[in-house]
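Okay, so chain A shows up in both of these, paired with chain B first and chain C after.
== the complex of A and B ==
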């Protein structure tokens, strides 16, 4: 008992305690073991404090932590603007092409008249209003064939028409220069328009020529802008099927495959520099390229592939055209599907074994073919020495020339360059306009998808980086639209490329995508099993305590 | 001088045993250093050596992302010769730290706080071990020996905690706060011991001076001392490492945010491997709060026995802290013999001991099956850590029950020896 008295004596509530303990002892004696002695108020208070201590930690620390760590940050996105872009309400892409007419030998009023009549004829012929040609006289007549440097004020010149008078021509004749965007029109002076008639053979001819030159581009752009609802000619749709989807960066992989030990080296660096780099530089405004090369010796056909047959009449080993799809041994040849981000375009140079050389395609004795959306193949049959035939150990730059010429042609096709007309700069300019249209639409539709996604899933977070990307995209989209309207297509493509990259980045933001597949029901699955075991005793303890307090208040 | 001779014999035998193990099995320390049960990312000797290597070459020790321990350890260890070439000085140093820890335990036991305090006096005072027995229990515990051989830096935290408690028990409140500041500086969680420790100091002060001062003012004063000691140690650290924030994020940030999920005997690693990323921060908060929320409840309920609250909290830390190792368990086990008088009231001793032995023996085996043999998976080892934690939890609950039962018997002496029943 001494210990107990000490104990109680030191506790602050000493005054009523002796009585209390006395009654406790009395009651517990009478009720034997059946009923436990009633709790002392001290113990009740201690229990209340313990429960309060736990709940204080939960409320003062737990709730703020819960709020801080599970609240979702949703940056503000301009939904309406994004949807407007996707619906095409914000921008109606137009392609006003500026065509310079240089008529150095024609007097100015006559040239003005020619311009007017030709423009009139063109407008009559044109049935697709988004894409129209605008004729303009060159101020400086000598400045012909010169592609204007891209400036921010002036529109790109799509084509320069140079009128060259020539005697004794029954009808006008035109000639497109293959290296520049210049069309020479030869005419005899009597074909030039006279003020009295509204039409002249020359203006009709020029209008017809221009219409013909731009027909493929016009059809392609109409197809893109209508989301593929217009009918395309067989030629264009075949080209679209073959070409790869647009990417900012393409990886070009050049591979030398041979079934034997030779050739074991090739002058690929020089060949690429000489034969391919000019083309890649010309493509610089549209896409970037990285180049990889590899040499694979002892590369055999796949065991299931049909073997080449020897044909006496052609004195060559031949591959059937329908078997060409099995030519590439995809299982064993190390042709990686993709290096980093962006698609890979594979170019295969195959040097057949001397015992199977020369190797050609049976039907047309061709030595190269294209594999749509994948790359190209070239069969190189080096000249063999007559005695002891073997492949040369090294392929020189000159022997690679036909192969790389073919590869550059294949690259143009794979990148979706239009097939007509013959001038390469002209085709590249057409490609710039087509890509600008494609990217404008694709970035706009990505914006629409992002807006729909974030609206339909209110539980996913929207990081600030996404909001920044969206605003960059939108500003570049409207810049693209302005540039298009004013005919500055290179600038438009530059902006469209930025818009597309940013749009893709915002749409595929990792922290957002991870949450897309995490519905709210899963949160119950996270919280309940983990917090249930802790929560139940706490809540039950709290309820009991509340009940006791309410009882005490009522009793009073 | 009989007692002193016993003490010298126990301490000498412990020292000889450690050095013998070092000399007879030279590969044993390195083996233990690599064991996940002993070495965690925050106390591994290997990582310390990595930090030391960078420190001696004037590179920030935290640059490699490997070292996560307090920078003050570096100059101390830089004084010792290279542990790989001359293992003996390090061995002697660690053994000495162990002996110092044991000495602190002797002081705690001799202060008698476990048996009777200001508000409390045990009923079974005669059932007790003396200080030397308590020290022997600590020194010859295989977990302690393994910790010592593995050269885990946890021994310094243990040292800080033990000296804080022994100083509080003998009434040197300021020294107690300084020691606790040292332990908190090394690994944050000992700071949670502040409230029961300051109550212990307060009780001793009131017992000694017989004049009760205001407990709140007393706590605030000593909290200031604790903060001052931690701030002082951080200030010295600033002199050692150039980039203060790198040091904070590499040590305390690492312990708070638990980025390294290397397996250990605790419950955190597996949970955070499996947890959805978006809930990671939330459950970090939940786990830390879970660790912290026992302080208030236990202190209030067992207000009469602050030393027992400290013991129970050490047990909770051994189970629920982020990077526990067997050294935390050995610290908890070291305090249990102080409560020899509670052993008769414990009910699940056999089950607890079996579970702990079972986990101790099967843990390394399952880890081997998972990592080296490849015939098991992570769940094997995780299951055994659950058993280990279950064993510790039952032991903890059992001792807390025994302490409460003893308090109950003090209050109701006529009910002593009656069976307990739930009502």
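== the complex of A and C ==
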């Protein structure tokens, strides 16, 4: 729009003396130029109004529409509460274990005294305060010595100690019944505490026994609660490494593998009913199980796996211990996980070819091993006929007995059951407490991770379902904590299960991650062609106007 | 007619089905080889195993594959039919189809199943579970069978098993574009109890199988309740393939076909030659020689010893050639000739490999091939991006009998047929084309129109083609325009339209020799539908173009509103005061000074 008459005017003027002539010519020229009349105030006002109107439309209409159409829905999450749970500030899990003492043959004051002294000794022995034992006299302990069934089955009683007087015992003796959670303590009446002394052999003995029974559980829980910072005995840490993550439902898959055509059938149904079902029923309050079985013939080793070697001294085909990890031919053997939620635990019964029988592990001639967090393997070497050796076509229930006994032990280990003491119900109760603690911590830490994730990624949406899941998790977590404090461990486990499921659901919500992969270049490509050409005149107009106003203010 | 071809096979099947009532779990396998014209060979593999319904429900799997059993239980599927097919059955030279076409599927993947569910929505949810799980098991894209590819046929399929539930829903889905290959064969083999390591399944080699002119893999699971005894769940796996003998015999490291060497050429001596180096080669009259080793690249390694028979290798391999044809078999195996004079079976030695060598021999008699009862051809006609037409030609070669059949097709939703344009013409043997009313040929119609992006069109017609005539069925359709994101990466290739399935009725009367009635199926080839495809950089072009237009309009209006207008000669005074004007002034002054210096030197 501007004409370049200045250039045209000045160029022919450059002659001999540039300095003098140029200045004179310039001055004469400016005086010759016509200056436009000063702008009318109405025009300035109109321009101001136009620019203000444009910016008003942009700010009042454009920005809200843009904001509304491009913003992502982020439901409100209780971040502070979630972080508190993850940091352990909301709940300090405690495990008050109630132990009933039934002393039917002991007079009440004496029993009370025994209780006090034993409790005292126990408290002295205990160095881990979150897990403590609380002794209590059975209410109906003074009648007949028969313990009522309901008392016995009450969930919050961890152990019942029954005192049985017996003559001619130099020291007290204890016996843990393998089918129940009952500890029988035999003592001779002269060992019972007397009011004068603060200690008695019987109370010391009971305290020591209790301490011993709960030592593994205590160590495990201490390890879990400290996030693995405490030192553990080799035994417990190995068990924890092997065990699977807790799940509502486990799928058990029993497979018979053999490299040849025989045996092609096994009495697996009867074997499971007889050898495994009782164990699975005992586990019912903790987890559910589905069982399926298969027969896989012509199952060869993987081509890269080391082959078994024949050892003369053992007269057996041997597998080296370090090669056991390559035993399962994962590429070819159909060991696909079961459908449905929950992990699959595989149990493999391998019947070697007659030409490679018997097969054992080289170092210790064992025939079974555990694959941590996956399952177990058992090598079954059936007796072969001497002439024309071949595997039997059918494996009877009796020949499967050692295998299924091994499998049930492996199952206990894989589920994280403690190895001591011998009583199975006692170990299962311990497992309930361990699982409740694990789930409580894992759900809490998931909450913390979710809070950190959503805070660090402001571009991801948070659907309402996630907020609902989070609030369910938090309420169940606090319920778990309360139940633990009051010693109701089964209820605590139930709540912790719900909390864990909901926490996982909220963390793995699919619709949250979609936006993360939307690249910024894409946005630039969409916005720039429009905002560039429109934005520049608008911004320049605004700046000019601001400058003019500032100048006007200064001038006044 | 059709019965003749597979009579022995079907008899064998029927017999074994009847006798298999007693054991709760058994296994049977078989292979039928039949040379076809044009140096082709049909190899028909069949594997069948049973398990009792009780142990199936308790999840104790023996010969029934656990992976598949779990899927079926999880998806409440009572009967399943799964097909993987490639190539085209050349009915003109090879005659009617093996198993009456009941063991083959559409090109690509075809799946239909009866699902036990209380209502339609429940059945569909289970169907989605089923397709997703099968997709994982068979490494096929069956998870793409969504609601637009799923239909519920009314008359085209009937359950093959004995069902007790009354809440069964039939769902059918096809993937015509799926390429069937080795990764589908490996899981298929894993389902077999002998895993391709023993028995006839040891012949399977992905290279040979998928090099065939036509091949079809089928899996059928159905419940069977014999009149006496408990119910069974039966799985039948079938592989049929037509191999080109010449092609298969070429070594794998040197697969290029070579001309016959000059000294082996047989010349027509009745023709006059003007030089020694010319030759009119004669067509070979002898039938090709071949062996299992040459065709499949390996031999049968023994017998899968799981059958309950006393002699496990009995009649597993059958060959359909005339009795005078010489056949050399491995030592230890024995031969049984069937009384019909056209086929023989072999008893295999349990643990030694078996090979079959057929030397080249002058053919005197041939195994007669049945003519198919109906031939069908389906093509897309018309031109342009917007409209097209479908033309289906049915030819009834019989001179006496009418053929009644159900024609079933599923069309994708973006192909919108106009059913009112359905038009029938009929050509008799006299070659005169006549238009006839639709109702004369089409006895019944079931039509379920498509809903955009939700379901496809389902068209089932009950047709009747009179003797010795050719019926042409045509209708017009419109092509929809898809959304930008709905186009696949290879949009310009075209969109697959699933083949039509034809189920022939009324064969019961002709086939008295076997008891149970099995329908005959024919499938047409799949079609490619070209759709108008956009330029895929379109969105960005649109954004940039509209932005430019808006910016131009906005810029000029905005400038008109906010600029101050002065006369042209007044502009210089204004520009001199602005920042830009000052810079221009400085530049001019600088240039003048430089020029001035230059003139001084001069």
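Points to keep in mind about this one:
The rule is simple: the second predicted complex is superposed on the first by the 415 of 556 C-alpha atoms of A that agree within 3 Å, B and C clash if a C-alpha of one lies under 4 Å from a C-alpha of the other, contacts with A are read in each partner's own complex, and residues count from 1 in each chain.
Just so it is clear, contacts are C-beta pairs under 8 Å (C-beta built on N, C-alpha and C of every residue); 3 or more make two chains touch, one makes a residue touch a chain.
Not measured: the values here are computed from a predicted model.
Shared-chain residue A:334: touches chain C; no touch with chain B. By the touch criterion stated above, A:66 is placed in contact with chain B alone, chain C being left untouched.
Contacts of A:467 after superposition: neither chain B nor chain C is touched. Once the two complexes are overlaid on the shared chain, A:56 sits against chain B while remaining clear of chain C.
In the superposed pair of complexes, A:534 makes contact with chain B and with chain C alike. Here chain B and chain C are compared by how many residues of chain A each touches, and C touches more.
Applying the stated contact rule after C-alpha superposition, one finds that A:164 touches neither chain B nor chain C.
Judged by the touch definition given at the top, the superposed model places A:292 against chain C, while chain B stays out of reach. When the shared chain is aligned, chain B and chain C each come close enough to touch A:526.
On chain A, the surface touched by chain B in one complex and the surface touched by chain C in the other have residues 1, 3, 6-7, 10, 33, 36, 47, 50, 54, 526, 530, 534 in common. Taken together, the chain B residues at the contact with chain A in this complex read 118-121, 123, 276-279, 281-286, 289-290, 292-293, 296-297, 299-301, 303-304, 410-415, 418, 423.
Contacts from chain A toward chain C in the complex involve residues 1-3, 5-7, 10, 14, 16, 18-19, 22, 30, 33-36, 39, 43, 47, 50-51, 54, 253, 255, 261-262, 264-265, 268-269, 290-295, 297-300, 332, 334, 336, 338-340, 525-526, 529-530, 532-534, 537-538, 541. Across the complex, chain A meets chain B through its residues 1, 3-4, 6-7, 10-11, 24-25, 28-29, 33, 36-37, 40, 46-47, 49-50, 53-54, 56-58, 61-62, 65-66, 68-70, 514-515, 518, 522, 526, 530-531, 534.
Those residues of chain C lying in contact with chain A across their complex are 25, 55, 58-63, 65-67, 69-71, 74, 133, 137, 190, 193-195, 197-198, 304-306, 540, 543-544, 546-548, 550-552, 554-555, 558-559, 561-564, 566-576, 584-585, 588-589, 592-593, 595-596, 599.
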